[in-house]
Each structure stands twice: as structure tokens, then as C-alpha cells.
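Report on the structure given below.
Labels run A, B, C and D following the written order; every chain starts at residue 1.
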Amino acid sequence: MTPLTTPAPRAARPPVQRVVRVAGRRPVGDYVELTLAAPEIAERAEPGQFVAFAVGGPTSGLLLRRSIAIATARDGEVSVVVSAAGPGSTWLTERQVGDTVDVVGPLGRRYPMPPPGTPALVVGGGYGSAALLGLTAALRDAGSAVVAVVGAATAGRLCSVDDLGELAEVVVTTDDGSAGQRGWVTDAVARVIGRAGIVYACGPMGMLRAVAEQATAAGVPSYVAVEESMACGIGVCMTCVLPVVGEDGRTRFSRSCTEGPVFGGDRVRFADVGTLPWDVVGADAMGVVQP
Amino acid sequence: MTAVDTAVDMSTALGAAPIPSPVLTASGCSANGAELEPFVDLTAIGAVVTKSVQLRPRSGRPTPRMAETPSGMLNSIGLQGPGIDGLLADDLPWLAERGVRAFVSIAGTRVEDFAELAQRLRGVPGVLGLEVNISCPNVESRGEVFACDPVAASDVVSAVRAVADPAHPVYAKLSPDVTDIVSVARAVTDAGADGLSMINTLLGLVIDPDTMRPVLGGVTGGLSGPAIRPVALRCVWQVHRALPHVPILGMGGIRTGLDALQFVLAGASAVSVGTAVFHDPSAVARVHEELAVALAQRGFASLRDAVGFAHREAA
Amino acid sequence: MTAVDTAVDMSTALGAAPIPSPVLTASGCSANGAELEPFVDLTAIGAVVTKSVQLRPRSGRPTPRMAETPSGMLNSIGLQGPGIDGLLADDLPWLAERGVRAFVSIAGTRVEDFAELAQRLRGVPGVLGLEVNISCPNVESRGEVFACDPVAASDVVSAVRAVADPAHPVYAKLSPDVTDIVSVARAVTDAGADGLSMINTLLGLVIDPDTMRPVLGGVTGGLSGPAIRPVALRCVWQVHRALPHVPILGMGGIRTGLDALQFVLAGASAVSVGTAVFHDPSAVARVHEELAVALAQRGFASLRDAVGFAHREAA
Amino acid sequence: MTPLTTPAPRAARPPVQRVVRVAGRRPVGDYVELTLAAPEIAERAEPGQFVAFAVGGPTSGLLLRRSIAIATARDGEVSVVVSAAGPGSTWLTERQVGDTVDVVGPLGRRYPMPPPGTPALVVGGGYGSAALLGLTAALRDAGSAVVAVVGAATAGRLCSVDDLGELAEVVVTTDDGSAGQRGWVTDAVARVIGRAGIVYACGPMGMLRAVAEQATAAGVPSYVAVEESMACGIGVCMTCVLPVVGEDGRTRFSRSCTEGPVFGGDRVRFADVGTLPWDVVGADAMGVVQP
């Protein structure tokens, strides 16, 4: 089966590392949106890219940066939406206006744009919806009609619904029915995918997989931004890999930080994430043989 | 921190190969260099120590490949890489074109693998020398790690030294997971190592409280970062004391110039910055600057004067 | 966190000696117990593991005796203590009067020292058992640490087991600074150890950037705290895998109930909380509560069911 | 020579561990004074005792508490004066009103009181002067006339001068003459020690030694609060020892956290701190023999 997608292109400009000021902070549902005065990152950022924050301050025992998707980048400011999951992201959500944070970005590859005017479907799960804002604006500017399906477990975990509403037709779903339609985003996607010429998704891996499969089954190209655990975010450590089918049809362990986080939805071998399939390039040298 | 005219002579050497800066990347912590280009002037640093290469391309292990730990991290990458053909075809030419020094880390599971790699790297432009990663399972000895057995470690080093380019210093990279690191250091030096890289990661484990299984796909992994710095410093101290004339490339948890200074005072004539690069992509250049300032503040005219200084005072 | 009726049976044992809680202090990290009384109900914890005692009173080493390190600390106390006479006269009666269980750590520099200490502790009220601290230099072997040599370690353990009170379980405390901890574990178990305490500190060094000399009076010291937790867990994992029927008292960087849970899942049937007490004097009691909650949340009816659980799933 | 002092008595009440609110914060010269809403500590505190703070918050890689002397303890509040020396104390000085801190205290032993009415000399160096506030008030309440010699390297490093001025006759010295008399506290002490029936000191070890020697030479009992590096602060780790002569005349490595920090100035063997003299109890077992 010929893939419907081509790999996302490298970013036009390299990332920078800066200590920047928190210019805004507001709770959005269960999350916190931070706005950073980061002109050099804002001017470089492309939709789908992310930034990486040092966390914990000068006394921190947390060594690794936390990767956070860029929601918006304009007027010298970058905004992100952070969910307080563990100690690092909790620390981030506690930053106040005027505090400084050490950030590297923009990192990773952008969502590729479709031919101008292609009707698009963007699908966001949880805080993942925020990462679709820049893309949705770019799509609309390029003449695409955009439908946005925004889902979460509960109303509090929805995100960017109003902002997306200014750019697209929005369908909201929640697992518990506390907002929008009760059910999963995939239910809503099934209803609207017929109108889409391209699908973009950002959210938990299970959702990405389901949406990518729906798109591929419908013959529609899809691009997903994956969320793999990252130690460096800049491509030097090899922790963030997953099996991705390349242009030559061979599967490689690709770094989601520099070769992603945006991958063709039909190129990510979701079912094999966390395993070492025999046909990954170099699996033979690991002693894995064709069954 | 911007460049300061500290007037300290920072030049040093890896074996007989001179380098203008004592601060290098660490193998596996800077891929093969290119990714750091946006953050660091690669030609100014001591060298890029490349990710350990084996004969064949390797996929590496399944994910998860890392776990964060207090002031450190555990990794189990499984030496993902392009194999020696890919390194020779793509990565080393990229570095050589730019004038970046490459200190090439080689790995294998048989003595002959190491020798073949050293052979293939003879005369390759831009290659400064070889770091022999002996923290690999020896398939001929029920998977015991070469670095944990002075005899197996020496076998690798003498095989490499025999065929390696005579202009290439050969450094043996030691594991701290041994009862007596000095005896391993002595054995590999007797076998012809021109210097010692120390330390590699400590074997560790983390269990996920949710799955109640080891976090890493590979069960155990290598512990690195500031958490292990005191162990690394102790190893450098012990080996320099026992073998004061053997050059040491020190590493393990270096994050600042003052950390690097500790390694130099303990006996390292150069240092690698590994995990800290994940936190600060410009760490290698920053550590150089901070170390230069720290040496100047302490009245050293040259880096070389500071190597092992903490021992001399002990007399 | 206040007491929660978790309904989890937290009882366990050290060898054949039952204890109501699996959480103990660690030797050298709670003196001989009394100082923790304002913070912890000492009768409720598994036991107070007393500071390693030797035959004679010891001053310990000159200061500085510690250096803080990233997520850890280095210490070089030199076993300051009252000697066995003082322990028998003052500390053990104090604990016994209050009904506090004492797990007495003994240390020496000759096999006979250990045996004499075990002999003197026979039948002493309140003594639950003995932890044999073999991370001491063996004066009869050029100062090599007993724990680093399976033969020397076994000699100590068999001598102690031979004369110790038959009701006293004898735990050998292992050092992580060995190439193969399983072989040491096997040797001391064969020599009669009823259980294993693991791990003791890792040998480390810190250099003071101002004095440019090692910080510690004793030059090197023992690294402890969360920094070493992955190494400790790996040791417990390896030994439990090789010797699943040997009870393990796990320790090394435990700070929370979830940390303790990792040790239990890896194979420890009890745990000691050491350095964390310096941060939180009530840590031992808190870890008990948190561990009970964590076990309940994961559906365990008893602590015993969770011991080694991470291995069972691996099958 | 019979010592002029007896060991400081144990505190009347045991310490507690509490998470408390920062109720006040103000810069005092180069230092920061923090006031904590800590009624249980305030009601227990005796002059000369200290508290121990956890530093760095939930993501901290700093494992050990920082010991800080209690300046004042009244009305449910405890105040401390902190100098930003390294990462831990710097973090402390950055706490704001409303933040919470985890603190254990009061710890250690108090300055013993002299017979009522004894004229007293209190000597403070740097932030050490703050630790004399509670003592000076207690002395005055007990009918002692108090002279306070307060010194520092520079004017910015002086501390508690005004507060002490309300309780005692104050003499100020600075090394550089930027405030008060130019010179060391010992110069001022030499001039006033003749009027003192007892001497108390808090400050750097060099100063404590000099003042203790002056007092002993003058036949006046002195009590000093030492500052040794502490891992636990509660007596369980044995890191904080120094050689102190006991009531039996024998020298022991005594814990400065639980047997101090207040020791008789003529009992601390200052010259031997950091060494292992042969006549310390148990030195023989360490292989040290009488020369």
C-alpha cells in the first residue's frame, strides 16, 4: 500500500536557547496557559513544533527538559498550555508573570500544508488541541475550510475550544458528556471525515492511532504529532524513537524530536511502538530474526 | 557566559593528539555532532566523541529507553546507529568538511569486531583518535561486560592498538561497576591504551509504580548525570594516583566549569560533557568558558598545570 | 499524611524474627534511636538499626565529615560510637525499656572482632537480630574491604553465625562497589547469612573548588541518598532474581512510599530509610504509611504478596 | 585549669516539624529577614537555638536541611536572618510572604543564663548578631546590663544593630570602617570586657575563638554558638562534631546540633577543629597514638 503521506520537512530555521520572561498566565480548564516573551522563538516557530523547558530552577534535581507543544506564536510571544502531570510540569504551571524560564525552541518538524484550499480536519485530544491553533490559522489563511474535532475525558480537560471556534467549525466531545457530545473524538471524526482532504491530529497516542487509522481507511492523508518520552529534544540521545516507515518503505526507529513530532499517520507503526519488530532497520544486529 | 580573555592556555592533548580545548562531548550524548551545530561552535571544542559505532547498523532497543532519576537519568538505547559504513559515508565526512575533530567511539561484542573497526578507521580524515567502549557484553564470555574483566578488556585494547592508525591515540573507556578500577586501568594501559576515558554509566534500575515492572525495555540501564559525579571523581582520583602518567578523559555528571575543574584537579587532562547537554545544548562550550575563568581565578597559567593538582597538595 | 486504615497486612520478618512494619531506620542514619523519639513512634516501626558498633569506643574521623552532592551526600564519619560496652550499658537498655526493637549493626576490622560482638549480644533484651557491616577495611588483607571479597565476607558471616544467638537473624550488609554482587550474596548466604541488607554507600569523592583538595577529612566517602537509588534497586533486583528465597532488607535513597514500593517489587521484604531521615526526621513513619496506601491502591492484601512482584510478571 | 563554664543544658521541650507560612520578609543590609508564622516553634524556642529548613521545594536536588539561628520568637512568630551564600540559602532568601516552608525546630541547646543581674557582654559577627536578640532580651529581663559588640566586614553585613540598641548599649565595628569603629570586634571587646561578668558570642569560627580566648584570659565565662556543617541537625548523623572538653575533663567529638550549638567558650578546642587529637575519647581505636 503506497503511503498517503510524505515525511514532514525539516524546520526552516534552527532553534535557539533563551531565558525568557513569563508575560502571561491564565488557567484554562484543568490546565495553565503560559505566554512567553520570546521573540526569537516566536519568529521561528512553525505549526506543530514544540519548545523544551528546563524545570525546577537552580536547585532542581530534575535533569531533563520538558517538551511542550507551541500553541500560538505571534507578536514576539509564544503560548503553551501545560497540564500539571508530574513534578516538572507542575512546576511549570506554577510560574507567575514576571518569572523567567529557560527554554529551547522551536524544536521538531511542522505539520506540512496541503495544496491551498484543501478542506481540512483537525483533531485534538486534551491539551493537544492547543497545538492545533497555529496550524488551523495557517490552514484558514491558505484558504482551507477547517473542521476541528476537540475532545477530552471531561469538560475541564478540553482546551482551546473558543480560540479554535474563531478559525473553524468546532465539534466538541467528552467521554463523560460534561460538554459537547458524549463519546470519543473518533465518533465525531467518523461523521465528518468524508468532507476532509487532509487530517491533522494531536493528543494521546491511542487517539492518534485511531484517527490515523480512520483517515487511512478513508484514503485521506493524515499527520499526527506524537508524544514520546524525550531526554534531549534536540536529536542527540535516541530515547524518543518509534517505528516509522520511510520513503523507501523500510521501517526505522525514528527520533520523534527531530524527525517528528509530526509524522504521516500512515507511516507510524502504532501497534509496534514499544517493541522491536524484526523488520526495523538494524534489528538483525540486535539478534531479532524474521519469524 | 560570553568568552572572557582569561589568558589561560587551555590546550591539552588526547595521548599525542593536541586539542585546543579540554572539553569534549561524551559518546552517545551528542549523536555524531551535527545536531549540536545550532548551539555550539563545533570546531572550537576539544572534539566530538561520536556515538559508539559497531560493524553493522543497529536499531537499538525497544522503548521506553530512559527514565529520569534524582539528578540523573537511566538509559538503555542499545547503541542505535548507522554502523561503520554509515559513519564513514556520512557522519565523518560531515565533521571533516567543517574541520571538527572526531574522537570515534567503537564498540563490539567480540575482540575481532573492535579490531576491524579500528582497521577501517585508519587514515580517515578528521579522525583524531579512538575511544574503545568496552562496556559491552562479550558474547564469548556469557555476556560478561569486557570492562568488568581486566583480561577481556586488555584483549580488546591490545587488538585495537595493534591495527589502529599509529597516529590515533587509543583510549579505553572504563566502567565504574567493578571492585577494583585501578586493576582494570593498569591492565588496559599495559595492553597499550594511550589513555583512559572514565567513567561510563553505572548499572541501574527503575521500577514503574503503575505497571509494577521495570520502566526500561532493557530492564536495567545506565545511570548518568550529576548523581554519579562523586563516583566518577573517585575513579579518576584513584586511577590518577596509581598511574599518574596515564592521560585521563574524565566524565560523569559534569554540568559546570567548577565540576570540570574537580575532574582536572583529580587528574583528568580533558573532560567529556554528556547528560548535561540534554539540559543545556550549549553546555560543552559553556563548560569550556567557565573552566577557563575558574582556572584564571585560581592563578593557573595553563590547564596542564592544574591536572592532578589536588594530589600534589596532599603530599 | 495521617494514618489510613488501608487494611493491608504490613507485617513481615527479618529472617525468622517477625516485625509489624517493613520500614526500619538505616544504620548510621538514626544514631541509636533516641534522637528520633520526638518525631516517630519508635515502637511502631520495623526496628531501629543501630549505628555500627565496634569493640572499642571510637572518636570517628576528623571533620569535614560530609559533603552535599546532587540529590545525595557523601559521608566519612569513621564509625564514631561508644563501643559495645556503651551500647550494652546505655543504648540497648533505653530501647528495650520502651519496647523498641533493635537490629544491631556490628563492625570490625578482623573476623574475630565480629564474632566477639555477636557473642556479647547473645540474649540481650530487645535485640531482634544482627546486621553485619562488612564494608569495613580488613586489616588482615591490606585494608581491602570485607564486602568486596566473597571469601573474606563469608569468613565474617560464618564466624558471626556460629556464635550469635540462635534467635538472632544475621543479615550481611553488602557493598555495591563490586563487579558481581550476586557472587558475594551467594557466598555469604552459603556461609549462613539469614538475609541480606543492601546496599551500603558507594565510594565517592568531592573536591572543594576553593581549597582544591578533597572536601572530606577521609578523602573518599560514602555516597547515599536518592542519587544512588537506581543502583540500589538494580542490586536488589539482581540478587532477588538469583536467590529468590533469601530475604532482603533493601535500602538506598528511599524517600517516599513509592520508592519503598519499588524495592519491595524488586524483591525486598523490608526496607531501611537512611539519608532521607536527615531531610525529614519523621520519614520512617511516613514511608510506612505511604507504602501501606500504595499497596492498598494496587490491590495487595499484604506486603508479602508484593515482594518480588516485578519479577513474577516478567515470566 | 578548671573550666569557667558548664555544658549548656538540654532544651526543655522537643522540636517539631511543620510546614509554615512566611508572614514577613524584609532585606536587612546584605541579608534577608524572614518571619514565619510558626506558633509551636515560637513557644518552644529558647535563645541560642536554631531551626532547619528544607530548601529548593518539591523538585529540589538539595537533600539536606539548612540550619539557621533563631533571631526572635514571640507572638507565634519566629524570625531568622539569612545570608545568600550558596544555592540553599539563596533559595531561602527568595521566599516571599505567603509562601510556605518546611521547618524543623527549635533545635540545639540554649545559651545558659547567668545569675540574675550579672553584667553581660554579647558579641555578634555578621548575621550572627541576629541570634543574640532573644538572649539579650532575656538578659535584660533578668536584670543584666548588656553591652553588645556588633561587627562585620562591611556596613552591609551588619545586622540587628537597631534591635539590639533597644535592649543594650551597642558598639559597632566594621573591618573597612564603613560603619561604626574601624577594626575587629575583638578590639572593641578588649575595651569593654572588664565590665562583663559573662560573655556570649555568635559569628564566624575565627571570631568565636578570639572572643572566647579573650574572655577566658580575663577569667570571664563565655558561651559561643558554633556553626559546623550539619547533615541532619537532630543528632543522628555525627557530621557536625568538634572537640569539646566535657565535665570530666576529657575531650569528646561532640555534636554541635544536639550538644551545641552553644558550648562553653573555654571547652571548645578551637585549634584542633578539623583534626583528630590523640586525647579525644576513642582516638586510640582510630589508630591515633599519643605523640
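Throughout what follows, a residue touches a chain if its C-beta (ideal position, glycine included) is under 8 Å from a C-beta of that chain, and two chains touch if they have at least 3 such contacts.
The UniProt protein names, listed by chain, are A, D = Dihydroorotate dehydrogenase electron transfer subunit; B, C = Dihydroorotate dehydrogenase.
Every value quoted in this text rests on a predicted model; they were computed, and no experiment measured them.
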Those chains which touch chain D and also touch chain C: A, B
Whole-Å gap separating chain B and chain C, where each centre is the average of the chain's CA atoms: 34
Between chain A and chain C, centroid-to-centroid distance (C-alpha), Å: 46
Chain centre separation in whole Å, for chain D relative to chain A (CA means): 55
For chain B, residues that touch 2 or more chains besides their own: 70-72, 225-226
Per-residue overlap in chain D, given as positions that touch at least 2 other chains: 61-62
Overall pattern in which the protein chains touch one another (line/ring/star/complete/other): complete
Chain B to chain C touching residues, read off their complex: 67, 69-72, 74, 148, 177-180, 202-207, 209, 212-214, 219-221, 223, 225-231, 233-234, 237, 253, 258, 261-262, 265-266, 294, 298, 309-310, 313-314
Chain D residues touching chain C - in the complex, by the definition given at the top: 14-17, 54, 61-65, 104, 228-229, 231-242, 252-253, 258, 273-276, 280-286, 288
Interfacial residue positions of chain D with respect to chain A in the complex: 55-62, 87-88, 90-91
Chain C residues touching chain D - in the complex, by the definition given at the top: 28-31, 35-39, 51, 54, 56-66, 68, 70-73, 75, 77-78, 80-81, 83, 217, 225-226, 275, 277-282
Contact set on chain B toward chain D in their complex: 70-71, 226
